[in-house]
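Look for subunit A in each of the two complexes below; its partner is subunit B in the first and subunit C in the second.
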Partner chain A sequence: MTTAETTKTPAALGPRALAWRRRRASAARFWKEYRRHRAGVFGLAALVLFALVALTAPLTVGSDVSSVTDAPGRPLESPSGHFPLGTDQFGRNLLGLVIWGSRVSLLVGLLAAVLSVAIGAVIGITAGHFRGWYATVMMRVTDWFLVMPTLVLAIALATVMSRSLGTIVLAIGVTTWPTTARLVRAQTLAVESRPYIERAKALGGGHWHIMSRHVLPNVMPLVLAQTTLIISSAILAEATLAFLGLGDPTVVSWGGLLQDAREAGAVSSGDWWYLVPPGVAIAVVALAFTLCGRAVESVLNPRLGVSR
Partner chain B sequence: MNTQDQHGRGRTGPRPRRARLLAATGAAALVLASGLATPAASAAPQARAAQGAQAQEAAKAQKDDKSGGKVLTVAVAQSVDSLSPFLAVKLVSTSINRLMYEYLTNYDPKDAHAIPGLATKWEASPDKLTWTYTIRNTKWSDGQPVTAEDAAWTFNKMMTDEGAATANGSFVGNFEKVTAPSPTQLVIKLKKPQATMTALDVPIVPKHVWEKVTDFSKFNNDKSFPIVGDGPFVLTDYKADSYVRLKANKDFWRGAPKFDELVFRYYKDQDAAVAALRKGEVSFVAGSPSLTPAQAASLKSDKNIHVNEGPGRRFYALATNPGAQAKNGTKFGDGDPSLLDERVRHALFMAVDRKAIVDKVFQGHAVEGQGYIPPRFSTYFWKPSSGQELAYDPAKAGQLLDEAGYKKNSDGKRVGKDGKPLNYRVLCHATDPNDKAVGKYLQEWWAKLGIGITLDCLDNVTDPWLAGKYDLAFDGWSVNPDPDFVLSIHTCDARPQTPKDTGATDNFICDKAYDDLYAKQLAEYDPAKRADLVKQMESRLYDLGYMNVMAYPNAVEAYRTDQIKSITTMPSSAGNIYGQDGYWSWWSAVPADSGDSSDGSSSTGVVIGIVAGVVVLVGLAVLFTVRRRATAEDRE
Partner chain C sequence: MTAEATPSLVEDAAATGPAKSGPAGAGRAPRARTTTAYLRYVAGKLVGAAVSLLAVLVTSFFLFRLIPGDPVKFMTGGRPVSAEQIAAYRREFGLDLPMWQQFTEYCGKALTGDLGTSYQFHVPVMDKITEALPNTLVLTGTSFLLYTALGIFLGTRSAWRHGGLGDRLNTGLALTLYSIPSFWLGLLLIIVLSVGAGPVPGLFPTGGMESGGKEGFAYIVDVVHHLVLPVVTLVAVEYGQTLLVTRSALLDEMGSDYLTTARAKGLRDDLVRRRHAVPNALLPTVTLIFVNLGRTVAGVILVETVFSWPGLGGLFYQALSVPDLPLVQGLFFVFASAVILMNTLADLLYPLLDPRVGR
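So, the complex of A and B:
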């Protein structure tokens, strides 16, 4: 799928069908490669599991689980048959809360990563394509964001804007894009130096055509791998911001649960069941995304080497 | 009755958050990192191990301290705003000022009636407009005698210099003239009668030191140590957000304190403070504003720790924006217009189950809210009669809203006069976990009523608060034995002159009937009649529905019995220790004989630390070998 040239094909098939067949083949090839990365498969399995849990949460636990007025238990009950992970300070079922919280954590992680990579890709491609003063300005802006401590910047953004999920997504998205921008720009420069780009230009291809039809498909693998990698750091960032009390206090998320636990004094009173499940959940999901991202990266970019 | 008691109330709030953030970031990183490294192992042992290591260092430091004598260490979280008695308004600062400087009068620890302090006795002229105080023969810590001239100079400075009136100006607003005809006689002439003359909470400062100060609005009294004073302790060292160190004043007229040194050490994280108490690193933790139920319950099981619970001085309320207005008549802010309707306020009031808040959020460590002044001050405590009470009744609340014209639309949401669904912004303090917890309950209760809320939990609520840009807000004030101050903050006069100024007002309430009662009580010298007037004011405030007092939180604090043998609470039977209306607790604290008893527990900490470290290492080793193997396979 990388270049316009194709191998000889039976003339009976139309161009569309041909393209589909080629895509199917490359997907199969991708999956065959991917399967060889055991860690990647493990990460994917974990992700599928978490996605299923999050998507079916309305059926399994329901939004009532986060209600404080109808909390079923007493405050901070230790794990028992009735409450497998105990209860929180309001007497809510912690297992249910961890399941319900996965929705917010995953959603914010995904959206923030998509936003971050989208910004990074747009800046990277345009900077790589246009060169000149535009590229210089863009890359200096990127450098500026790169040297800014991400967490501090995100905290500052989350503080000045209203408390909501959108704010958190935005705060993470606009602070984590510089690495993607640099990666994409480097790849764009490499792609644009290939002869067929020159050919396309000679045939009258404009900026938009070159960027969308030739450069974008070529940097896509990189962008995909980068997205998967950034999701894990976005989930961590979301948890950190919520833990620092910058999230929406009425929304249940893993970081928010950790924050609640800390504020209820669960650390010093040894109520481990309030702290450990959300912490482990964050760690496992972040790990799973990282494993997947690494595997995708090494499949799509053989030059990275097998050990990644 | 002075601004000192603003702790609790968020507006005072810019409690420096950076240190806390950093600490929290560290903690978060720790939890997350340990989770990442060993997904199977729990995060808790590591955190505990880190605490153990910290405590050991601190214990070492404390041993060094001990070489100088008996040290009482208190864990605090609130930052000192200023050590200058003319500027300090936060609880921690005013408490420290109490220890540094003697006031004219003090409050009895048993029942809080006025007793002699720097003044040995006082009397008023028949028209109650001239008050004569006899000043005690005592010395400043630099050897100079304390005279009436010092007191006169302090008051005159506050009357003439606006910078010096910042914190306690309300006391002298009604003073006509203050003189010192002899070194032991102080005479204060009033313009109008003032009921608070035996409760002047103003630290008297040494004139010979303070007359050199040029700008009182900037001088923070933290440059040259030790700071000259005449209280039970002398401040010897201070580092912002790190520690405040005080030495016992051996010549204090009431008797020297039993501890040689008193140190306020900063713990921005309450869990860290509790851990420090467990390790014996600190002797006392008050919590900010109090220990959580979980912490109190777990500390109770520790045999060397006593958990002290007393009725609090604070009320915990929900304040309504009554449409902010300055004294010059300019309206500002953007409070929801529907809240100007008393029926709406009453409906909101009635949809709050105060009993549930006490049971669930405070878990019994509070008393259900009724009138404005907490029951601890029995003279002024008032509660609504059964006919007047706005008890929990969601059905009736719904009716009231219907009557007021706020009907439900097809989605079940109440619609405002502008056709949009009602949604109130509730200002809450990010630093107070109770605000967030109660906010969750409010959200569900009011959602049933058809009203939405947005919880705005901020570190700094002062800005939107002063600008009137909120609909409802969590509010709380500590009340002094004399309620004048907390009553004054709801008068029309307390509002800012223009929208740009800062007034003493709490939430812009202005009600003529209330103001008339306020003026009457201030001029009333008969205690029974004054108490009756104060109760009428509380009744009026309750009916207005601007202040929904939800609870009176208890003071829940803990100290180590192997370091402190005894300590005076206020009131002495079942009272609080930190933030008293006097210096009784720290002045009276008796050190315990036993030495360091924390060795056992800190060695457990070390063991846990080593175990956690080993687990992490094994985890890493496993991960490493797995990866090595993977690469080896791939190479083939």
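So, the complex of A and C:
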């Protein structure tokens, strides 16, 4: 995104229009490169599909699909024409539950990843910009979080806080940011060593100006790729916490469905049709985000050789 | 976690250029000169590890004091108990003391290896941990060796023939398995191979570590039989990362001049790979291998829970559901210090393997 555009620009355009034109051009260039990664396109298609399913869930299944009191079927029915994926131990329609669960799983994954990347980006940029004791302390803290077993810490946090979606988001968000912080700091250091930062300083640009106007736009692509990758692990972490019984018991999520299945004895009675759909959904979404993230990463940094 | 961290190492290797023949050959002579430097480096890393361990100790104490509610209520399980009994409980677990005194006592005892008494089992936490530790080591050790070997082997193959069908299948499979929740894979394996689905009979036990009543060789066979499914689950979800890092590290080495030289000397293709390319490419992988153990710790909680393996992970799950404060606290400390120790070990080994680092 930093390479200069070579197209001739008519003098009539204002600076704002010029900037927009440049952004459009670089977005187009990005898309052209991205399209060449077949796995990335596949991942993107899967994500669009899942997003549509989750967004239209109120129209297709409705929130009363998770109601235990007036369930439409008998408990633990095998798949049939009426219930394509069977029913759970309360007689609820499993297909509806899996569709409804996508909302929570995706939402928690997105929010947790945004929180994690936001913390990581802020700490990374500030630690790269302000040198000295602040950076030392921040990088110490980052290293400290980096060596902690993420899941164990997230479990501990989820245990000590009340059972709610906010808790899950917080527990995942505050335990997964250190890698982002390290990456962003390295990129910030690289950006700040360039001459135009010196020029900005010489012209009187303050800390805030440099960080928000010069460093942030250059760090943004990296942050974007990192977000996509973290969403996938956040969705897995959400499923794990819900499976361990640390999620909000009142909402339906994929991990929660798996926990329900285990508690209903689906394993010992061999009811595979109860277990398979939520797990496949988790795996497909996590894979789709990973594929997208890797494609974005290799477009931005071809040296990584991710999918040569 | 570490897949993102490795490119910098790879870049670092590329920036130094191909002016080295291999980690074993280089740096032999200057080693004696830099022994003091290395010792200083070791001391720094050890101090860092000690500080981290202390921080873990403090965190584990205060984090779990945040749990709302009275621990005595958890212990009695809601049964009606007399005020004297509650007071006795409080005295037994030192809960009648002020917070700072509990803390100093906890730290002092922890340094002598005493992590308190479990609310749930009424035995010292340390006893529970030492009892479960060997079982966990058997499980993690076996899976760790297998997934590291598998990851390096497949990663090398993949990179050497990159872009081919084998590479694409390999990478695709690794990414897919990497996206699968380990506990779900475990449950499916239990259904298909233990409970038996359709024509497949139950081949493996559904959980536990032994059937009991066996001795000598029969006992070992029995444990291995119980070990198969948990190990398969752990290996399946973990090998992908090793594969991907080995692959990208080797891809980075492949354009190097020294490989062209090796080929020009007339070396066979697999000798070029085994003797020249792989040793250099393994450097970033070594760090990952150790840090991966941290992820394995987390994976082991789920896998042990699903397969009722009598190890630390299963114990952690049991302790969480009570919640058994001293036990959770102690296990948290054990898990975190395992990761810290492994990271420190990786830090100490790395300069010995790669003369360009830490000197």
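Here is the rule we use: the second predicted complex is superposed on the first by the 299 of 308 C-alpha atoms of A that agree within 3 Å, B and C clash if a C-alpha of one lies under 4 Å from a C-alpha of the other, contacts with A are read in each partner's own complex, and residues count from 1 in each chain.
Heads up, the rule we're going with is that a residue touches a chain if its C-beta (ideal position, glycine included) is under 8 Å from a C-beta of that chain, and two chains touch if they have at least 3 such contacts.
Everything numeric in this text was worked out from a predicted model, so none of it was measured.
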Partner chain in contact with A:Trp144 - subunit B first, subunit C second, else both or neither | second
Would you sort A:Gly270 into first (subunit B), second (subunit C), both or neither based on which partner it touches?
-> both
Quick one: classify A:Asp248 as touching subunit B (first), subunit C (second), both or neither.
-> first
Is A:Ala286 touching the first partner subunit B, the second partner subunit C, both, or neither of them?
-> both
Look at A:Ala156 in the shared chain and tell me whether it touches subunit B only, subunit C only, both, or neither; answer first, second, both or neither.
-> second
Considering only touches as defined above, state whether A:Gln89 meets subunit B (first), subunit C (second), both or neither.
-> first
May I ask you to decide whether A:Gly206 touches subunit B, subunit C, both, or neither, giving the answer as first, second, both or neither?
-> neither
First (subunit B), second (subunit C), both or neither touched by A:Pro58 = neither
Considering only the touch criterion stated at the top, classify A:Gly166 as touching first (subunit B), second (subunit C), both, or neither.
-> neither
Subunit B and subunit C contact sites that coincide on subunit A, given as residue numbers | 39, 151, 155, 159, 162, 236, 239-240, 243-245, 258, 262, 267-272, 275-276, 279, 282-284, 286-287, 306-307
How about subunit B: which of its residues touch subunit A in the complex?
-> 21, 24-25, 27-28, 31-32, 34-36, 39, 42-44, 47, 269-272, 274-275, 278, 291-295, 297-299, 356, 360, 363, 428, 430, 433, 436-437, 439-441, 443-445, 454-457, 459, 627, 630-631, 634-635
Which residues, counting only subunit A, touch subunit C once they are in their complex?
-> 39, 144, 146-152, 155-157, 159-162, 179, 182-183, 186, 226, 229, 232, 236, 239-240, 243-246, 255, 258, 261-262, 267-272, 275-276, 278-279, 282-284, 286-287, 290-291, 294, 301, 303-308
Given the complex, residues on subunit C that touch subunit A span 1-2, 4-5, 7-8, 11, 52, 55-56, 63-64, 66-68, 162-163, 171-172, 175-176, 178-181, 183-185, 187-188, 190-192, 195-197, 206, 248, 251-252, 294-295, 297-298, 301-302, 305, 316-317, 320-321, 323, 328, 332, 335-336, 339-340, 343
Can you list the residues on subunit A that touch subunit B in the complex?
-> 36, 38-39, 67-69, 71, 75-76, 89-91, 151, 155, 159, 162-163, 236, 239-240, 243-245, 248-250, 258, 260, 262-272, 275-276, 279-280, 282-284, 286-287, 306-307
